[in-house]
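What follows is a pair of complexes built around chain A, which joins chain B in one and chain C in the other.
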Partner chain A sequence: MTSASPFVLSVIARHPSGRMPDHNFRYWIIAPSVFLLLLIGLFPLIYSLVVSFQQITMTDYDTSFAGLTNYAQLFDDARLWQSIAHTLIITIIALPVELVFGLAMAHLFLERMPGRQIFISLIVLPTVISPVVAGATWRLLFDQRYGPINQVIGWFAGHEVVMLWNITPHLVYPAILICEIWQWTPFMFLILLAALSNVDKSLTEAAELDGAGFWRIFFKIVLPAIWPVMAIAILIRGVDLFRIFDVIWALTSGGPGTMTETISIYTYVQGFQQFESSYTAAIAFLIVGLMSVIVIWAIRRMGLAK
Partner chain B sequence: MGYSTDGTCEMTNFSLAATRRWKLACRYGLASLLLVFFVFPIYWLFIISFKTPDEIFHFPPVWYPKSFQFANYAVLFKDGDAVSVLNSLILAGVSTVIAMIFGTMCAYSLVRFKTGGEDFAVWVISQRLMPPIAIIFPIFLLYVYLGWVDSYGGLIILYTAFNLPYVIWMMRGYIEDIPLELEESALVDGCSRWAVLWKVVFPMARTGLFATAVFTFVFAWNEFIFALVLTRTEVVTYTVQVTHYFGGQSNFWAKIAAMSALGTVPVFITVSLLQRFLVRGISMGAVKG
Partner chain C sequence: MNLIKRLGLTAVGALIAATTVSAAWAESAADRAVKEAQKYKGQTITIVWEAGLQSLDPLNFSGPLWEKLTGMKVKVVEVQTAEMFTKIMQEYRAGTGAYDALNVMPSWMPDLANAGALEPLDAYVDKYGYKDEFQKIAPIYRDNWAKANGKIYGLPDDGDVFIMYFRKDIFEDPKIKDAFKAKTGHDLSVPKTWKEFGETGSALTEILKPQNVYGAAFFRQPPYTMFMFQERFRNEGGKFFDAETMKATINSDIGVKVLTDMRNENKFMPPGVEQWGFVENLAAFMAGQTAMTISWPPYGRWAAGYGTDDKALNWVPKSTVGGKVGYALPPGGHPELAAGFDLSIASTSKNKDAAYLFIQWLNSEDISLQRVKLPTTLRDPFRDSHYTDAGYLALWPDAKDYLKTLKDASLAGIFDLSVLQTDKYEEVLRQAIGKLWAGEDPKAILDAAAGEWDGITKKIGVDKQKAVYADWASKSGAYPK
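Our next item is the complex of A and B:
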């Protein structure tokens, strides 16, 4: 790195706002990051847009302008809309469960008790595991014969049960959701526990002396206090759930048939198994466009960037 | 549940103590149930890696092996599959170092010079929240064109780029905590801007740098979809290697468990050592604890 600095003196006469009148250094130091971010932030968008107007498939390399053919196809593609529906179903169920479950757990561990830190340290372990490994782990657990889950259910049922968790249509979603909730409830739990610990105790105690009940205190004092943090946790998890791939890939690979195909899995199949390049590009552009709008709106709404 | 331990004052001391004990017992009971739910799957994964084939494929399931044997791990090393852990280490390690240097520089510019203002900050963090699948397809076509598929360089660049928003975001928070006076006095003493960055900002932010680097490393280490698309044989990471053991008819249970354990133990160790940064790390700085 060069160290020549022509602006040493300029800084002594600093602008009163604390902003230093210095125009090259500040851009030099963001240049590498901006370059790399454009590689993943802008290039894919432009490239998807270009390819989506062509007609590149496995057998055909037609780069002439194809108009909106691929985008028109999006609307007729039932499998695409089903995959979006699957993604939304998983998100709509998993997110509130993780939130409520995590919040309840945070309450349980809020007060001091001997061994509390050990409990917390162990309970958060699933969150740091790779989602693929989590999926693989649950695949082993769910095995119909050698897995412990059917065995335990069998104890309660009083007889041997054969439940094919990753094949049977009405069991695949519970299987995915259990794995998902297992892995990410600790994430919510940990963040909400920290947020709850920061709530001003004197306020809740005063309200309690005034005779307010648990729920009243929760909704009037605690929830508003933890909301900024909770909102970010919900945003992070919501986005993660929308792009869910790894866990399902390991558990069901989208099956049986296309029953658990999420938007990420479907895009992968189109792009890397069916080699429908142009059509995949149209889907990618749709996803990026959709997510950009939602995400940027959410970030601004929450004042996350300030 | 409850926001204070003892709300009612009319109770006698005896019944108060009894109620407390009862409540504590309930909390331990619940906590233990939760512990089983969250830890048993991990136990099961690790225990399978120590079982013999007879114990793995035994009905009813064997809850703990008779003796711990390491044959399942030995196979991974003998067949060369364990190289995938080394690949993960190289990719995650190198990309983390680069992302930390570039990201911290960028964060410094954002904090001290307000470069790009709020719009730039929003754009940076929105990149973090993009679905990888939408990014990976065009990147794949680009990499095929450049001949970068299945190379360390290609994946390192991608991991660096994908982790940059996180680094910039986290380091922004840590740099804001550094007092401005130190930098000013260094400048008055005749240090160049670059020297201030290297000799004042980086050392002052070392705690944040360290914590952020560890999480960046873990994200890259655990990454799956980029590695799935962009690796073939040379730079296969441990996450991709795990999925190679799933078959249509039979799964290589022992290998799945042993490989997963190899990839998971380092994460557990690092995260345990960094307990106090965990909340800030995973909440993207929303909770400063």
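Our next item is the complex of A and C:
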């Protein structure tokens, strides 16, 4: 037994013939979803665009048209460009490392071995942890007073070592990268393991019989076969890394000073600590623009649009 | 005869009137608030309170008691400290009237008052006869935290102030005193200046390090150190701005000296002290690993073991220093009234009178005394009567010394910079502290910070900020007198 919703019944009832309308009905059906999507997606976007041309702050609700003031300010804002540079540094280092480690681990677990499933489950665990929890956990691990990492290093060194991972300039980026790579290499591993499992074994075996070495087989057969999946994984992680926030917020809060402030953290600080609503909207549109260009370029470059 | 009769009647009338008035004034502000509030029986007022321990006060004590006395319900909206200003402003902008009463940090007062988010309270204070009890709030809080633009916008309700805690057993130990004298050439005493603090802390670390005890430690994370910088900078004679031009002057020689001294002091503090926050510092002091520290008043109560058996305080490390802790004003003698809370009324409230009566009752002599003695809720003494209350004095053996120090602090304290968009200026200082711990040059740090302050002032408007700064600087607790 089925029951028609009141909405469907009302649409049928309104039709003069009393029968199901054949043309417009499908639009009525999707209309609520489209309306909802527009409401939660398009409206904030347009509203943010309007706000970016005003001078609204939390304490001064100035809605008069300010022209391109906020956008002009973007170019003079050294802290903004530094935060973009910090984001790129983290992305450029973390992404290849995660990819290489993920691929190596996937290759290792490709063959059947005792306890394989258990190991895979354990390796994947960090990805299911909330990034902010991961960051807070690593902060404790790195802590001078309570953290085990410095204690272990101290055992090896034979004396107490003082390493302030979230304060000392040459240690803060390694700390962030260790945490980030620890958490997200398993993501690469999982996706690449699935891709590698689907590589046609007859091709690699034939190449081996023909005398091809490991690297030759990898670059000529395996890599082209897994590339579409790998490209998607790179794209997803690349975008994730560009908007990295939680781990750094929990580990360093962007410090010392603004040394590890990424674009997401800077946007948050401007919007939700400094309450520069209009300027934050301009930053958001800068990020949208940058990300669009990068993602479109990457999709074309990786051949994903074919 | 008629004249005599008339005079007699007048005298009797005056006597009756005087008796009536004095009877009326004999009624406490708390009783008066309860009596008036009974008109609003059945209504609910919503109050914003700092989440966590602070809000246990209205949730477990004052809220239920108020409901019992008046029939009014109290809805407590718990908000994290960092979100309180935003929430209050957002609700004001939205005009929802969702909040009736507020906990407001005094440094937010210029922003909230100028935006119109707070209700001026002068008329309510008069209407409900609160003037006398308001006057009995310790002067430093009353005269510095309550007003903006000459009007009362908040009832100071929490005596937040930095106090120095030191180990009496260490400072009185003859062997340590001898070793100290041998090392420094002078007698061991609680430091009164930052120079003395540096010498004492350093020497004590050298003497006590074999026992794993350090001369001193502080919370050094930027949010806390930002307050300590404000205190030390002004104690050393620094001014935040040039009052005429509103140019930032934090990059003066005094500022550079303070930052340089602060970094040098870390050398005799426990390794990694730069990472320490409120809890790490508390844990070390409670474990007896530091001879001196500076913090808010709860450290003193918890170190004495007061209230730490309560379930809500099970995260507080057990004190190993009970009975061994002495209290003093921090070096310089003008402690920072760091953070703190006022009770205010939201201008968009639909129950202003009822909400005001609730905060008057909370803030009154009778009720506030009970609240500052609640072991778990972090409200610190802020009235003259709190410092001399027999019940409080008997809470632990050294409570008299503790309350005397708090009273001294209430006479000499200095309060946080409170201008338009204070948090932006504070954020620059927090970043400066982070850079300091990262090893950057103090002069370069402060030059950059001063430049950022000037940028903020310019954006707000130099004249606009100048007027607000002048109002702040005119108060008794702005700069040491």
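Keep in mind that, in the parts below, the second predicted complex is superposed on the first by the 252 of 306 C-alpha atoms of A that agree within 3 Å, B and C clash if a C-alpha of one lies under 4 Å from a C-alpha of the other, contacts with A are read in each partner's own complex, and residues count from 1 in each chain.
The rule is simple: contacts are C-beta pairs under 8 Å (C-beta built on N, C-alpha and C of every residue); 3 or more make two chains touch, one makes a residue touch a chain.
Every value quoted in this text rests on a predicted model; they were computed, and no experiment measured them.
In the superposed model, A:239 makes contact with chain B only, not with chain C.
When the two structures are aligned on the shared chain, A:292 is found in touch with chain B, with no touch to chain C.
Look at A:78: by the touch rule set out above, it reaches neither chain B nor chain C. Applying the stated contact rule after C-alpha superposition, one finds that A:27 touches chain B and leaves chain C untouched. Look at A:277: by the touch rule set out above, it reaches chain B but stays clear of chain C. When chain B and chain C are set side by side, the one touching more residues of chain A is B.
In the superposition on chain A, A:145 makes contact with both chain B and chain C.
Using the contact criterion defined above for the overlaid structures, shared-chain residue A:44 touches chain B, although it does not reach chain C. Overlap of the chain B and chain C contact sets on chain A: residues 145, 272.
Touching chain B in their complex are the following residues of chain A: 1-5, 7-8, 11-12, 14, 18-20, 22, 25-27, 29-30, 32-34, 36-37, 39-41, 43-44, 47-48, 51, 105, 107-109, 111, 113, 119, 121-134, 136-141, 145-148, 151, 182, 185-187, 190-191, 193-195, 198, 201, 204-205, 208, 214, 217, 222, 228-229, 232-233, 235-236, 239, 242-243, 245-246, 249-250, 263-264, 267-268, 271-272, 277, 280-281, 283-285, 287-288, 291-292, 295-296, 299-300, 304-306. On the chain C side of its complex with chain A, the touching residues are 82, 86, 89-90, 93, 111, 114-115, 222, 270-272, 274-276, 280, 420-421, 423-424, 427, 431-432, 434-435, 437-440.
Of all residues in chain A, only 58-59, 61, 143-145, 160, 162, 164, 166-169, 255-259, 269, 272-275 touch chain C in the complex they form.
By the touch rule above, chain B contacts chain A in their complex via residues 1-5, 7, 24, 27-28, 30-31, 34-35, 37-42, 44-45, 48, 56-61, 63, 102-103, 105-106, 108-110, 112-116, 118, 121-127, 129-135, 137-142, 157-158, 160-162, 164-165, 168, 180, 184, 187-188, 190-195, 197, 218, 221-225, 228-229, 239, 242-243, 246, 251, 253, 256-257, 260, 263-264, 267-268, 271-272, 275, 278-279, 282-284, 286-287, 289.
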